């Protein structure tokens, strides 16, 4: 049974807004429509449970940080730190997202239609049945997937505002020691950091990509088959111990 | 009654308990003499450190409530002291039939390497806490009532 | 003989301001206290405190004695009465000039004294009755009290040979180097009448002494006399520094005065809660309190820990509302209180009270950390 | 792993023909010549040695071994790290570990330390790695500070007789309180922020489960609970078995975000954001995959055997306002129930940083000095980066007071607190409480051999190898920690009493109680204390 | 409450200790035909061999009865039990009443019908009296035949041989020690004995005892035709339960007196223990007579506690025998000669050079029996696996057992906790 509330967030400070949301949750509300969101921080941060958020406007810093469970649809853009250390749940952004998207994310899914900023998917990590997934419809900034330890990052490069920029920035996947990055149409060698294995995808990968691209497409009203109709490459770490031999005992 | 208990989780396999037992039951009461001289004439520790991979455990007589060894003893050398609860051993009585060794499912009885007699834990009657327990550096051995 | 070891005001200030704040040395002293209040505001002759403190002669060593009196200037009760001590006339004129910049002066005159055998090398003692200028040139944002404090601090810091030692309305401090009975005689206190008197006999261990170093210490209409050493001085001083009080007198008593000003005037706490900051209940006592009180006292200790007066002390502090006596929380210094009709006496020694009130209705020793708060009838 | 023999069947077969028994290839013959410049020598007194092999069983670096041919225990000093485990356990006192007396020609510039390091790096080509805190002979300011005591003018207080209060609350305090007094009752009107209550101004420093083992974590948790203080999880998550000690746990959030989730954030009595560590300011941490066993994996929520890399910075903090963002993200996630601490390494402009941290909303600022320990740090960083905790503390406390925000946050100091006098000095300088880390490890046996990063700690501390980790019986470790803190508590009470104080808050920031010996005027000015004699 | 115990063997001692564990006060009366205080019956071979003297025979110290407040009637034969009246009748018609009665009358030597058996020169070897008789005549004996190649037969033979008597052993079965040990162990023991100088005749029996005119034994004819010149015949075949009293009293009887798991006979207040009782056997999960020393004590002990009202189940008998010949220790525990085709698995290890033999009998995941010769130090561990039915599923564990390397750390954690330390963790 869902109980829905519409909150006009215009002019409400984030502390108050989030307090309101928590109060409504205590009263049994599960569905929230937040209007005129303008950079309010921490929406759904640390929230656990089966809740739905429709956020209209610009979602502020650290939206959905430490989140476990809720579904967020952001109709607009999201600022930095979306899905920071997120545990479970699903986030859909119809616009673009800022830097450090999905930092240390352990589970859940994030779908961004447009471009994302720098250091996206840093330190993503999978554990047991938890598998974090980020699908980026546009292009990504530098250091994508830095220190990645698990999970899946898919970059499509299709819905970007920037026609000239490469699909990902420099030092792609520095220090990666787990997880997989899929890139549609490949990536220039100069973008790659050390310790990477760049390969063509196989059948298994294809199934996996298709699964998440289909989610992406259905969430955002796009054609999955058209997205799939291209060459994908797979990037994985060469070693799980990238810095294993760096040291001398003293 | 108080008994010696082992928690293998914290037994570090150092075998100091064996050395302590050896010393306590030596004539010299001196570890170095006991280990170097008396072992040659048959002195041996009453306890034994069992090993399984890195897991170790110092085991010795449990001083059972209903001791199998006492049942099996044909000579009366082994008896259950109703006062102290200890399973006592009278070496003079022992005829070396090894019935107790066979009967004890805890392997707590050893054969003396020279005499046709057995050797077993006496809970160090001269000490308030048995030597093995006192010597355990990690308190894997405890002397308590449980 | 003693006189040769007494610092002039200028010498003293050089000693204080010539070095970094953390290098300033604190005076250490023991002493005797006396206070009396008439709840009905009936006036008491100055000979009463002088007689009473004289009994405690052996609690001092002749290096400091002083009195504070409330209700002594009824005709000028709306004026701030500034008591000054100056090394010489030049210093006095400098001070007066500076005062005139900030205040309208209504009366400026010497504080009457009589020559006394043992009081020698007395500074120039002067009193100026002032009101705040209508149009302030600076500090227009300060309230009246802060304004007065600011000017007093300014004079004390900037004029090397002058020192304002009392600045309240209808009250004043009289103090100097000597035994208190001699100081009383010197200042002709027998000619004053007040409804609150406090008196102090000082036993400094180390200082060459100076006239400003004697007690009471006054700020606005607060006056404090104090016995004992505050071991928490170091942190009390730093805590006050955070709130813009600069300690220049190098005595514990100054710290108490500023803390009173901070807690009562600025934070709006009651005298009782202020006393509880000075001498808080022990944690085990707090733990046994009912929930709400427990929360209150826990917060008090958490927030005002730096304001706690730790170490042995008995203090008497007064203002125009009344007189408060307080002991440290393990009662390391003595304090006796007595009542007779509407008079309440507080002193370090029983005999001191009985010298002026031989037959009190009630006489008791207050418990450690329990303030005795005597309010005047409004 | 405790087996000494390098058993290779081929070699063994050859040996079968000889009169000797194959015991593995030994000695320095096949080692790099650099190994001969080893730091320690094992001295075995053959009059005392009974060949009981306790030393062999205790040494995780395979120094001692049983020689079948000689029928006695032998040793290879080149492997010795100077941990003294064998010496401690030898039942006849036959073993002494000594500094290798072999000497290079005197050169006060090219000390053997530098020579040996160059040899090693030339040979192996890597970053020198060390454990524990900075061992270099920089000044130790604690040792230049002396405490006051009362004589005559104010009395010392006898802590055995009189009440003596060490209770401390950590967290942000308002500048003033409002009370409502009615009928002789007092009610608090001001709403306070959350606080951490400590019975002693001492906490167990952040040491992650992984860097040290579970036995010590449970020991710290139990000891903290028994003592009424707190321990810090470090960046390693919180094992499910330890959630019940939450009221005495500060959980740490660091750059790797290991094991960080909603339950974790809400498990403790406080959250600490670790920005830096005194032993390695500006450097991240690498927990090698070998140390990630089932328990660590479960706790950090990473697969068994995978490296746990903590990046140098938090990737969501590149500026002070980002720190504020994370502080408030954590406060939102915990609904403002617990105070948030920010831990930084003591570096040059620590005072300004601390001020910024307080303004960013932190309730506690923890400063870790350059003597602070670590499981592993690049040697050059450990030995050359950062500043002494004492100076940082003095500067920070003063700065926060100057700026009128000292009440807004508590100050916790860490990094080389060795004894209760250090604690008293730290508090007199202005700390609310101290973290002890190395002292905790020393209490349970650590001999500061500085080889934590090998994972072979023979004392069972910095290791997850089951055979070694069991050397820490948590009950014993707990008792030792409880004893340590209690005894320090008694000593602190004695010192407080001597100063004429009966409550720790009157010591906090009371620099009148300190005097310095042998410090320059500048140092005195930073510490804002008088020289002894003044 | 009055407890009466008939017999003063080891069951009787067990019963006294069992009763006194529960009931420190009530009267206990022991009635025995034998005139001695309880002695270690297996010691009779040591006695005969001269290894132990009278002074070391006693199983308990001389003050055992007084310390335990026990009355004794030694040298008295009970002739009747009157269950209805809760009384027993002693030989001189004296009647003794009881509240709880234990029949621990043991067994009598089994003697097959042999021609010429009647008369002097025939000896048994079950009680101290038997040993003392033999001891007395021993110096006069030159050659004897021992009928029975079981445990007591061999021990008797060994003891006599040690006293300088030439001994021949005659055993009906194809090998010695046929019931308690297996073929290999029997062979090793037989080798050891023959190498020392004893003669062994298996698969045959004594047909006739030849006597001279004075009736003195001259020799024996064996079934296989052999004639052995001997001065005396020792019959040491075994014992059969002494069930006459019980039979007369109307107790249920099979081979021995049938008892339940509480050692109670078919009459509520009458218990039976030791060689006379047919009690539950853990291995075969049925009742049977196992006339061995530890069982006798254990049954007595359990019976004693139950007589005192403890309701303690007897944990079940487990056959086990330890015996040594000329320094060769030999042990058998449990089922050592399993029937073929019943799913038993046998692991054997023989080291002839060192005279070490080990045989383990498994059924499914459990060890059910073992024979150890020479290297017996781990015997108790095997006994533990058999007694506590500790599963041996792991191949490594099985190998350890085979290689004599069993450790208690192989026990499942919960079993270790049950027996060693409830707080132990094996990890």
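Here are a few things to note about the model shown:
Going in written order, the chains are labelled A, B, C, D and E, and every chain counts its residues from 1.
The rule is short, and it goes like this: contacts are C-beta pairs under 8 Å (C-beta built on N, C-alpha and C of every residue); 3 or more make two chains touch, one makes a residue touch a chain.
Small disclaimer: the values here were computed from a predicted structure and weren't measured.
Shared contact partners of chain D and chain E are B. Chain closest to the overall centre, judged by the mean of its C-alpha atoms against the mean of all protein C-alpha atoms: D.
Greatest Cα centroid separation from chain E: this falls to C. Taking the mean of the C-alpha atoms as each chain's centre, chain C and chain E sit 104 Å apart.
Taking each chain's centre as the average of its CA atoms, chain B and chain D sit 42 Å apart.
Per-chain CA centroids place chain A at a distance of 80 Å from chain E. Distance between chain B and chain E, defined via averaged C-alpha coordinates, is recorded as 28 Å. Multi-chain contact residues of chain B, defined as those touching 2 or more other chains: 9, 55.
Multi-chain contact residues of chain D (touching two or more other chains): 466.
Listed for chain C are no residues, as none touches two or more other chains. Pairs of chains meeting the touch criterion: A-D, B-D, B-E, C-D. Interface residues of chain C, counted against chain D in their complex, comprise 20, 22-23, 25-26, 28-30, 205, 228-235, 237-239, 241-243, 266-270, 272-273, 280, 282-284, 292-293, 295-306, 308, 310-312, 329-330, 332. Residues 9-16, 19-20, 31-32, 35-36, 54-55, 135, 137-140 of chain B touch chain D in their complex.
Across the complex, chain D meets chain C through its residues 150, 152-155, 157, 162-163, 165, 167, 169, 171, 173-179, 181, 185-188, 190, 192, 195, 401-402, 404, 406-407, 428, 499-503, 505-513, 525, 528-530, 534. Of all the residues in chain D, the ones that touch chain B in their complex are 1-2, 48, 50, 52-54, 57-58, 89, 91-92, 460, 466-467, 470-471, 473, 475-476. Residue ranges on chain B touching chain E, taken from their complex, read 5-9, 50-52, 55-57, 59, 62, 66, 68, 70-76, 79-80, 82, 92-93, 95-99, 101-111, 146.
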